[in-house]
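Per-chain residue numbering starts at 1, and chain names A, B, C, D and E are given in the order in which the chains are listed.
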Amino acid sequence: MRALAVEGVWKFYGDYPALRDIGFDVQPGQCVALLGRNGAGKTTLLRILAGLSRPSKGAVKVFDKDHLDRSARSAIGIIGHGIGIYDELSALENLRLFAGLYGLQSPDKAAHQWLERTGLERVKDGLVREFSRGMRQRLAVARAFLHRPQLLLLDEPFTALDDRAIALLQSLLKESLAQGSTVIMSTHQLREALELATHVVLINRGKLAHTGLRTQEMLDDPTYLYRTYGEA
Amino acid sequence: MRALAVEGVWKFYGDYPALRDIGFDVQPGQCVALLGRNGAGKTTLLRILAGLSRPSKGAVKVFDKDHLDRSARSAIGIIGHGIGIYDELSALENLRLFAGLYGLQSPDKAAHQWLERTGLERVKDGLVREFSRGMRQRLAVARAFLHRPQLLLLDEPFTALDDRAIALLQSLLKESLAQGSTVIMSTHQLREALELATHVVLINRGKLAHTGLRTQEMLDDPTYLYRTYGEA
Amino acid sequence: MREKILYSLGIVAALFLARNIWKMLVGLPDEAFQGAIFRVIFFHVPAAFTCFACYLTALIASISYLKSKNLKWDSLSVSATEVGLAFGAANLVSGMIWARIIWGIWWTWDWRLTSSLICWLLYAGYLVLRRAVEEPTERARLSAVMSILSFSVVPFVFFSIKWFRTQHPQPVLYGEGKMDSAYRSMLYINWIPLLMIAVIFVAVRMLQEKRQREIDALRRTVHAF
Amino acid sequence: MLFFRQVATVAAKDLRSELRTKEALNASLSFALVILLLFSFAFSPTSDMTREISGGLLWLVFAFAGALILNRSFARELENDCLDALISSPVSSPALFLGKALANYVLLLGIEFVCLPVFGVFYNVSWAQQLPSLALVLVLASWGVSVVGTVFSALTVNMRLRELMLPMLVYPILIPCLMAAMQLTTPLLAGEPLTGDLFAWLRLLVGFDIIFTALAVVLIDTVLIG
Amino acid sequence: MLFFRQVATVAAKDLRSELRTKEALNASLSFALVILLLFSFAFSPTSDMTREISGGLLWLVFAFAGALILNRSFARELENDCLDALISSPVSSPALFLGKALANYVLLLGIEFVCLPVFGVFYNVSWAQQLPSLALVLVLASWGVSVVGTVFSALTVNMRLRELMLPMLVYPILIPCLMAAMQLTTPLLAGEPLTGDLFAWLRLLVGFDIIFTALAVVLIDTVLIG
């Protein structure tokens, strides 16, 4: 069973095709780096995968179910540009809310567990508004991992994070990869992404330019990819 | 004459000191990388330097004038998180507006010149709203450089830019450094910043942790700085 | 080719309208109570019906857009709404002129009049809403929803004279109002050219919309590096 | 079952975060008071006149203050991209919508029950004579306002002129509902019972509520997922 | 000299970008029409009553529609952090403020001059009998509204509940100004000339304008630079 199957996806903004016939498969356990220059269509694609937007043509299957399906959605975890956390609620309330929405058996237990894992247990009753950026980012991670998603979609997760926050996120991602989850992340910070990735998908102005394993060359010189498969 | 003199600057948010007794000098022609972990106070400091915010204590001098002074302001150019450009105006109108506000002798000529230099001449009458991200970024650069500022303040200028956009910005910065301008930029993308920087200022939870020349060690291993001067 | 057909249709409609006006002025006698001004009705009522027809078209086009995601339906929806607004305005203004002469005032807060105005404002709101959304697909989607919601007021306009006591004349076509058959047939006959004009306008606007989309797409490619 | 639990969860979240800060509530309450004041200046009502226009006045105040609450409803989700987090969760759009509409409904009713006595004092109206009927009218009309307002809040949330668009679009659609409420409230405030003619208005209110709730539930998915 | 050039540049920029899209203008115009409608329901004005409350009605409409324009004034600068670009330029805060106030003033007057005839038609008021005096009142009162509104637009621009805060804060302060305008407008619309008693109101308007313009110019720097 494929974790994700993207089949001939097009997305039009008006008459402008932001995605043109994108198609690729992701097997469970893979970590895919979604690369491309500014405006290539990474965010557009990730939003479609996350069920936040409908493709104009084509289909997206998550574990062989339509991506807008309820059970497909419960298998997905997202971290976007915003943290997706309510400022006026406490850390615990936030996690309990999402645990409830995802229909977890014991929302309370799941919430506490993830507070502990992200090191937020001792501030669990603090309002998010008062948290520092690092703590908020941790909470966003806890929110995304809470329901043990089998497919993680991350849009530029390393942007504007410092070395420590990046290390935390990387270790969490590694762990959930080890547990068999699938990860797809877009980024411009090639080094951080390629260290983690097992596969690479490169988009060029809305078209699939390359998809395949991450090779040693890419690690050695991140611009290798753009030079080889991108435009001049 | 110092390009910038920061003297005992404190900034309080309520009772919380976001900046604690920051003081350093920058000589003309230097390129300073302002580093620090998330929440260290980089943005707070840059906003004070740019005259967008007043220090709670201490003083900031730009070319020996108070930073809120009109002539100090005309010497400063900023690029922040937003591009600082009006979506409903055309590229030319935007530049002409700022040229006018800065009291340039011939606003029209300056605007055209910078449109040309950033490669936007052929779309000068297009509304900014329709521009792609790369083009907007160029326009923001043109806006910041328009009045030939002697002091450039950049807050995370490389964030979320692709390789090409970073290269463009770097080349423009290099050029204006060569012409004797001073640059101060905050960033988490250490590699890109350190390549350009001549000096380094490290802030740690609002306190100055290190200031000095950028050394070869830093270039070789960007985390060297945090390891040496930062907290555990 | 398409333009030629449209233009010739336009000429036919104009000739038809001229004939009707001639008939109205020369062929029909003044009405007993209201006098010469009564002839406004030959425009007032058909304009209202044309306007409703346009709104209905917009509704159908909007639903079709949501079903098919084809931007052609969106252009039909805007075009029909714009033309509908024009005819709505014609209805309002002719009614107001009439009111000025018969009632002595331009406006009264009567349900029929007011609901017509609400309806007009709602569809004007539709156009304002369209301007606030940049991206064409999103604009089409949101304005389709708006169009569907707006249409809920149209029956209200139509039946307002039934539901409430109003100063506005009772409907002669289906209700208790009475009208001489010569007047009545004139009413119907004059509806034909107005409807033709509406159709032509809608077609022209749709062409414009299509061109506009093409231009936008071209400009985007120019403005994208 | 799951559906209703989700509706309740969403509504509880909205209410909790509103009641924690009470920002929107306070602001729209004081806004309501301010416009009550403005009206009383503008129309310097004599007691006779007040009697005639009390229903209209009251519902205008509710409509204006309500728009502020409704505007916040989806705008609240924008701050940290929370809307994306909600939509990508397995909550269906109708459940999300009904939860938010419910929360708005409760807030709106809260504002109304605070404004009523204040209004009574300012304009010297003894409003409590027909309390059950009045409550019925409030309950029905406020649901209409909440449902329509919440749909438009979702519709306009990503627009450039959100705070301008919402009132501009929402009031015309609400006019039948507000009109009926005004017509019903004026006699009720004057102490007259509901009689013959007024039932037509009540029917209009019920019809409005049903039609727009149905339309909203059908259309909301299209509005939320582009 | 430079000061006035900067004021003009800022005002021209605001007007140009507003007139290019006409969004706020269209929206607040149709909003004005909608509330004219709402009022007419709420108060179902007979011709007698209309005569008494016409000034109040009109200024309420202007105040509500104006708030939408004013709300946009600084909010417009947020989109791309343009406000930072403006403040960091050598334009002084008062120049920035006056430029924006001027742009709002022009837009407000535009809306008023469109609304007046519409009001005249809908409420059957022949409003043009005392045109010069009426224009004077409009010009004076609108300046007060623009200045106060622009200050509060700046004050609230970074608040979480911007669209809620502005009307809540601005109307109470505007009450003297609106009150005077209402008192002056009612007789002028009825065709009576300005006489004895009314000059006191006119003086109030002038005083309001002067005081708040001065206050605003003094305080704006503190408001804009934190």
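Points worth noting:
What we mean here is this: a residue touches a chain if its C-beta (ideal position, glycine included) is under 8 Å from a C-beta of that chain, and two chains touch if they have at least 3 such contacts.
Not measured: the values here are computed from a predicted model.
The minimum number of touch steps separating subunit B from subunit E is 1. Annotation of subunit C and subunit E: jointly contacted by B, D, touch as defined at the top. Residue numbering shows that subunit D and subunit E use the same positions for more than half of their mutual interface. Per-pair tallies of C-beta contacts place D-E first.
Of all chains, the one whose CA centroid is most distant from that of subunit B is C.
The geometric centre of subunit A is 38 Å away from that of subunit D, both derived from CA atoms. Between the Cα centres of subunit A and subunit B there is a gap of 31 Å.
The distance from the centre of subunit D to the centre of subunit E, with each centre set as the mean of the Cα atoms, comes to 27 Å.
Taking the mean of the C-alpha atoms as each chain's centre, subunit B and subunit C sit 56 Å apart. Multi-chain contact residues of subunit A, defined as those touching 2 or more other chains: 39. Residue numbers of subunit C whose C-beta contacts span two or more other chains: 118, 121, 125, 128, 132, 134, 137, 220, 224-225.
Taken residue by residue, subunit D touches two or more other chains at 79, 160-161, 165, 168, 172, 175, 226, whereas all remaining positions touch fewer. In this structure, the chains touch in the following pairs: A-B, A-C, A-D, B-C, B-E, C-D, C-E, D-E.
Partner subunit C is touched in their complex by these residues of subunit B: 123, 126, 129-132, 134-135. Considering their complex, residues 134, 219-220, 222-225 of subunit C touch subunit B. Against subunit A, in their complex, subunit C makes its touches with residues 69, 71, 135-137, 213-214, 216-217, 220-221, 224-225. Residues 151, 155-156, 158-161, 165, 168-169, 172-173, 175-176, 200, 211-212, 215, 219, 222-223, 226 of subunit D are the ones that touch subunit C when the two sit in their complex.
Put simply, subunit A touches subunit D in their complex at residues 47, 50-54, 68, 70-71, 73-74, 76, 78, 80-89, 93, 97-98, 100-103, 127, 143.
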